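Let me give you the structure first, and then I'll get to my questions.
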Amino acid sequence: MIIKYFSWIREGVGTAEESLAKPGSVTTVSDLLDHLSGVSEQHSVALKERVFIKVAVNHVHVRHDTVIGDGDEIAIFPPVTGG
Amino acid sequence: MIIKYFSWIREGVGTAEESLAKPGSVTTVSDLLDHLSGVSEQHSVALKERVFIKVAVNHVHVRHDTVIGDGDEIAIFPPVTGG
Amino acid sequence: MASISVQSNDFDISEEIAALKKDNNDVGAIVTFTGTVRDIGGTLRTMTLEHYPGMTEKELARIASVAEERWPLLGCRVIHRYGTLKPGENIVLVITLSAHREAAFKAAEFLMDFLKSNAPFWKKEQTNEDNRWVASKQSDASALDRWKK
Amino acid sequence: MASISVQSNDFDISEEIAALKKDNNDVGAIVTFTGTVRDIGGTLRTMTLEHYPGMTEKELARIASVAEERWPLLGCRVIHRYGTLKPGENIVLVITLSAHREAAFKAAEFLMDFLKSNAPFWKKEQTNEDNRWVASKQSDASALDRWKK
């Protein structure tokens, strides 16, 4: 799966994009956030406040309990501020 | 007083403007409409449906029970349809 | 202070916005409303707008001043045309500027609702068959109710 | 079908309206909303808009299609800029065309409310002191409530 980060989460994690094979422990978005938080200290800090973490799967906004698959593009970002 | 007519009331009355000295019988807008209705058959027909008769005194919308004076500019017109 | 024009000639929305906004960087939201001549069924040749010179600008300024008291506007412009217009032509323009979008939207809607019921304009349509004065709409009178505080 | 653009360059409102209206004389009401870069206190140098290429246009098109289902629109245009903008510059444009003013106003407000909460854009402000990401506003989330049927 491809993981994309935006805004201050991108800056916090330190990369705009990374790819990984879906770990066996990951079924939902929430599981993925748990997994990613273990990748590095930077990931952990950037993804800590789950209430500020928004997620899109294949370009569609989803809730954290959404089931994800290995071929998905997962975008992780803070609340949007355009307009 | 100067009387101005607009839209289909102007066309009905047959003039855009006329002036008259305020008759003794006229205290309010409503009295004036009664008086004008007696001026001619055209006036009578054009001013018949009082619910469609709007009035402005000195450029301000007023109700039919408003008291008017001899120096006033009285405009008589149907509901507006601009915009 | 709102800027009001009653004129026979057309207007350009981009130019009007630029003149109103200038370099005021407190502005974050600009709403415009443009009313245009509709031609239902393709039978309209022209529409003629009669108005009440002397009262029209005063009434538009009065409506605008109520909007300016009610919302924190950073600019307000009303242009209303009179005379003979063709289908598709512009009739009226309202522009509101504010820091945030809600005030700009609400003030523009308010201005149009009150203009529709109070500005002394009357439309006459010239079709291939006849000439007729446009009737006022109950929906325009009803629209005022929502602004009662 | 709404027309959507995500672009770095500026737009001209009059040109965009003309392109949308063409010679459609069923149109009687045109509403535009323009969002501009605010500079509160004169400390802003620039604002940078990041977005999510791939998702942004899809999300804007989705929001516009909901508006088009809900109101009888005769045209709908959304332009959102990205990149680095100066104080006073245009950020976003929404245009709605309809036969009557209420649909055009409501659809434009709806589009802006949903764009604010759903379109994947993030603003970062560069001031003389520091660079900071703009925080989302609770009022923008709350604004969605009024559109619940």
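A, B, C and D label the chains in the order they appear, each numbered from 1.
Please note the rule applied: a contact is a pair of C-beta atoms (placed from the backbone, for glycine too) under 8 Å apart; a residue touches a chain by one contact, two chains touch by 3 or more.
These figures come from a predicted structure and were not determined experimentally.
*Asks:* Following contacts chain by chain, what is the lowest number of steps it takes to reach chain B starting at chain A?
*Replies:* 3
*Asks:* Among all chains, whose Cα centre is located farthest from the one for chain D?
*Replies:* Most remote chain from chain D, centroid-wise, comes out as B.
*Asks:* So, what's the distance in Å between the C-alpha centres of chain D and chain A?
*Replies:* Averaging C-alpha atoms per chain gives centres 26 Å apart.
*Asks:* Starting from the mean Cα coordinates of chain A and chain C, work out the distance between those two points in Å.
*Replies:* Whole-Å distance between the two chain centres: 48.
*Asks:* Can you list the chain A residues in contact with two or more other chains?
*Replies:* In chain A, no residue touches at least two other chains, as defined above.
*Asks:* Using the touch definition from the top, which residues of chain C touch two or more other chains?
*Replies:* 35, 112
*Asks:* Strictly by the criterion at the top, what is the full list of touching chain pairs?
*Replies:* So, checking each combination of chains, I get A-D, B-C, C-D as the touching pairs.
*Asks:* Touching chain C in the complex: which residues of chain D?
*Replies:* Chain D reaches chain C through residues 12-15, 17, 21, 23-40, 42, 44, 87-88, 99, 101-102, 104-105, 108-109, 112, 143.
*Asks:* Quick one: in the complex, what on chain B touches chain C?
*Replies:* Chain B reaches chain C through residues 4, 6-8, 56, 59, 61, 73, 75, 77-83.
*Asks:* For a test of understanding, state which residues of chain C touch chain B in their complex under the given definition.
*Replies:* 35, 49-52, 54-55, 58-59, 80, 91-92, 112, 115-124, 133-136
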